[in-house]
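One structure, pasted below without further comment.
Which chain is which? They are A, B, C and D, in the order written, and residues in each are numbered from 1.
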Amino acid sequence: MVPDLSVDLAPNNPRELRLRNPVIAASGCFGYGEEYAGIIDVQRLGAFVSKGITPERRAGNSMPRIVETPAGMLNAIGLQNPGIRGFVKKYPALWETWTVPGIVNISAESVADYANMAAILDEQPAIAGIEINVSCPNVARGGYCFGWDPEMSAEVTQAVRSVTTLPLIVKLSPGASDIAAVARAVEDAGADAISLINTLVGMAIDVRRRKPLLANQTGGVSGPAIKPLAVRMVYQVAAAVRVPVIGMGGIMGLYDALEFFLSGATAVQIGTGIFVDPGLPIRLIDDLRHWLEQEGFSSIDQIVGIANDGFHLGAPHVLTAWEAAGV
Amino acid sequence: MVPDLSVDLAPNNPRELRLRNPVIAASGCFGYGEEYAGIIDVQRLGAFVSKGITPERRAGNSMPRIVETPAGMLNAIGLQNPGIRGFVKKYPALWETWTVPGIVNISAESVADYANMAAILDEQPAIAGIEINVSCPNVARGGYCFGWDPEMSAEVTQAVRSVTTLPLIVKLSPGASDIAAVARAVEDAGADAISLINTLVGMAIDVRRRKPLLANQTGGVSGPAIKPLAVRMVYQVAAAVRVPVIGMGGIMGLYDALEFFLSGATAVQIGTGIFVDPGLPIRLIDDLRHWLEQEGFSSIDQIVGIANDGFHLGAPHVLTAWEAAGV
Amino acid sequence: MPAAPVSMFGSSAKEPDVPTRTAGGGMPGTSREFDSEVLSVERIMGDAILLTVSAPPSVVAHLRSGQFFNIVTRFSGSFDPLLRRPYSVYRAHVETSSLTFLVRAFGRGSAWLAERVPGDRLAMLGPLGNSFTIPGRAQRLLMIAGGVGVAPLVMLSDDAVNQKRDVVFVMGAADEAGLLVPSELSSHIEYVVATDDGSRGHHGLATEVIGDYVPWADQIYACGPEPMYRTLRAVVDPLRINRRPRTQISVERGMACGVGACLGCVVETTRGMIASCVKGPVFDLDQVVL
Amino acid sequence: MPAAPVSMFGSSAKEPDVPTRTAGGGMPGTSREFDSEVLSVERIMGDAILLTVSAPPSVVAHLRSGQFFNIVTRFSGSFDPLLRRPYSVYRAHVETSSLTFLVRAFGRGSAWLAERVPGDRLAMLGPLGNSFTIPGRAQRLLMIAGGVGVAPLVMLSDDAVNQKRDVVFVMGAADEAGLLVPSELSSHIEYVVATDDGSRGHHGLATEVIGDYVPWADQIYACGPEPMYRTLRAVVDPLRINRRPRTQISVERGMACGVGACLGCVVETTRGMIASCVKGPVFDLDQVVL
């Protein structure tokens, strides 16, 4: 029997977010779905997430915007995008002609702006769901990142929830010290699902020019380098909430994806991996089905979280040693 | 003229922490100084930091304790060490016969335990300084990590400061959302210097056994993978404090070390890099001198922080875009 | 010795139980991703190589000068260096269904490429980007190459000669060893060289010798480092009449995706921030903010 | 084309302006870190290779069976895979000042090693660890190898034959192809084999054929996967008299440093948690908690 790969990412929402398979192209790494059209069969994806949309159109940051780092990369694109109005003028109509679900990622600097964008999206056709990017500075709180604080994250979630019935994914920031607390807060505030992790704030110095390599000083680290951090946070969050968790961070192949599923992710997103290996997401769908069959599972649900038996909050050099005979 | 590599890591402390060069072997990666004796010329190092010492002796965690990750590694040694009493019985006497300064790294689960250890060390000969590892769970606060919170970090620092005049380095945890706030707090509490970053909490799943690979579930991520995060935090902290900053995280060669110096580090530590390339720290001393000479600098001080013109707090996908002609 | 059942290296391992392809390898046939075989590696221009690889006939047939390929420059068991590197096509060979790239061994990726031997496999993505164009009425073409920037101009000059245009090809390099040997260019081309150390040709920059050719030229093409374009503009602009001749340049930007999805490779133009991997790498110099 | 002055790949680059050595290369002469040259690569035991590399005479001369080297298994421009891999010495050749390792191509590091060709350079750290010992009064030696665990026992058996001891060498593998060919062992050795699929020798595990030899043996040596040691203990213990013969095993642990500094490779013993890279990899089976 061919294993069932379908998943529902919004089981509590009557509008549902049912995907044929749990492989999603991540925000900022797949444009608006058309960029990879000539290269892979986009319609076979479980879903894709748009580049982050903002209230107004943005030209993005100065160059350079990307730097390679060990087994990873730093980006500071600066959310170059046509703005919510530019977005709705073009993409909903295009997406309507497709079978693959399109999710819209939104970023803003105030709670009201998040809600305004969500209200606009609620009226559009062919939008499968909204992903709220809370890794943004809250101008009302002096630029402190929404996603580092449970209350501010919940506030955004609630505001968006109150203006739309669309499936709502909240995408957490790995900069939060206690990411499980943020996850619980946004679940309580009405998130249908939680996705993580966004990039981590990093920097690289140009030794020759003696200043930061990125024009924007800092950027977000993604790729294989961050995988162990992402797996830990997904494991930790999955142990803390009941809504579906969507895992990402450094997925480059089947075994990486399985680490996330076994940790408790219902679906996975792929970002940097697509840049490096565009065929990866489609191959992953086939490899997942093959692996489930080989291991005797009849559906992807059966492996979600089976490596997760609760998370022990702790720092790296914890004092939970197993005391043996001596040293 | 041969450039001057010497640095003082405790300019505010009469006991001083003067090093002949700014290259230090990091805690947990260099044993107690004797392990690498047959392999490199340990006495040429600027200093070395001992494995983390705890109030009681510890057998450490079950195996496996290490896992390789992309361009990095995860460790969960669990602080296997002879305890403070076992330590003082053996090492101060040994270190007294050496010219290289030895710094003792201490870990504990309560403020009182930190202070007790520091009081014992204060009386020992041949101890050049104490490095406080605040990446430990505070049992009095339900296991929440000392280092994630400015106040708890300051409390530990103050308690240690009050019992010893030894040069005091506080080693920050990268798990803090606002690491600059922690840095300012420990500076105010009497730290002579600040070192960072410790490892980040990560996890890897054994897909075959369907459980976490490390017996301890989580471990600390180190190595090149974390370098962009470490450089960012060093840059950020150096912009926030006046005491010397000691940078580390993924240093594998001259250019990596220069990224930290230019960001504002007065000295660097090398951990994982020593495992992979034991000759690295000694080679780095020579390469640093050579590079300074070639670039026309007469001392290492002249390059500290020259790439740092203030840190802009912000999340990776910040809304600080430079608005150009349009999109 | 055989691994203990609990082994440390599991998580970063390639999956051994499932059929896999080379990292970066794609579905053959369905896309611009393909695996190619290294056919030959030849030293050229001092520290560079000419790397010839197999490619599907359909790819080779439709290739245009200025287009490039994003190549994985690491062992398939490694994720570092992570990103593909873009390389312009130096020559396409329809007869042997192969492509030649000119790679200067400089950093991590190019050094890895320079170590390849015939028989090795490479993961390719391409052709990517737009291309140089030869306007129908442009008979006299001036091409200016800086270092390995010569690569796409070699293919362009081949095309131009085939189309019976007149080509003056100016190349600048650090020293004589860094110059392209004349035998690599069609004998119908006038080849002018400049070296920083004066070891051959003009002692100085390539842009210092083009003054005489600008009024002659109907169209200019350039490929080299960014400062060369600024100098070029300063030299050419005062010599232009009615903004003629125009100059097509190929810009170099760090890239992640190569297909317009990441917006990491943009060029600031008079029309805004444009992805150089899709709407470039070839731009009209007048439209680029340098 | 030449890099723009602001290039994206600066931070992860190797420093080009300063004299460097291969990643992992050390100060020659002052340490156990050295660069060696690959002298030959030969297929053996199905998917394994015999990798012979140059080594300083002083290293080769004092080497003992059971010792190992930590080898960098990546291109010098890459940091992934990061950690060195430990490999036991299969044979040391004093005449040619070289060492042979037996490497099974399995994961990322070993696959990279298996791709090496003569002339390539490898960064070595070693010799590391303790070694097997042959007690003076032990005349009859039983050796039990599981798969590539055969490596250190080959060197040990050479030594034993040189010291005129009697050796029974039992090897188990998945199938006939995975067995060591008898010509690799001294002709003075009695060689007994077992295969999981019965394609040669005993149909089953190596530990199933040793019953007859245990009472004969003065000392037992084993190297193989951890489950083999548990079985071995179960088989040998009931046959022992006064806790004789004793068994020396070589354990496999993931390693980071190889010198006792990280405590990542410990073995739980009756005396506590012991670093297997310094106080091992050879332990008395009685002292190990399995």
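Points worth noting:
Keep in mind that, in the parts below, contacts are C-beta pairs under 8 Å (C-beta built on N, C-alpha and C of every residue); 3 or more make two chains touch, one makes a residue touch a chain.
Small disclaimer: the values here were computed from a predicted structure and weren't measured.
Chains touching both subunit A and subunit D: B, C. Relative to the C-alpha centre of subunit B, the farthest chain centre belongs to C.
Across every pairing of chains, the maximum count of C-beta contacts belongs to A-B.
Distance between chain centres (mean CA atoms), subunit B to subunit C: 43 Å. Averaged Cα coordinates give subunit A a centre that lies 34 Å from the centre of subunit C.
The geometric centre of subunit A is 31 Å away from that of subunit B, both derived from CA atoms.
Along subunit A, residues 28, 59-60, 63-64, 66-72, 75, 77, 80, 204-207, 223-224, 227-228, 255, 259, 324-327 each make contact with two or more other chains. Of all residues in subunit D, those that touch two or more other chains are 6-9, 11-15, 79-81, 253-254, 268, 272-273.
If you sketch which chains touch which, every chain touches every other chain without exception.
On subunit B, the positions that touch subunit A within their shared complex are 28, 52, 54, 57-62, 69-72, 74-82, 86, 107-109, 133, 135-137, 143-145, 147-148, 173, 175-178, 198-207, 210-212, 215-221, 223-229, 231-232, 235, 250, 255, 258-259, 262-263, 306-307, 309, 311-327. Across the interface of their complex, subunit D is touched by residues 1-9, 12-14, 16, 74-75, 77-81, 88, 104, 106-109, 111-112, 115, 146-149, 151-152, 223-227, 250-254 of subunit C.
Taken together, the subunit B residues at the contact with subunit C in this complex read 63-64, 66-71, 204-209, 213, 224, 324-327.
Across the complex, subunit D is touched by residues 28-31, 35-36, 38-41, 51, 59-60, 63-68, 70-73, 75, 77, 80, 223-224, 227-228, 252-255, 259, 272, 274-279, 282-283, 287, 290-291, 294 of subunit B. For subunit D in complex with subunit A, the touching residues are 6-12, 15, 79-80, 268-273.
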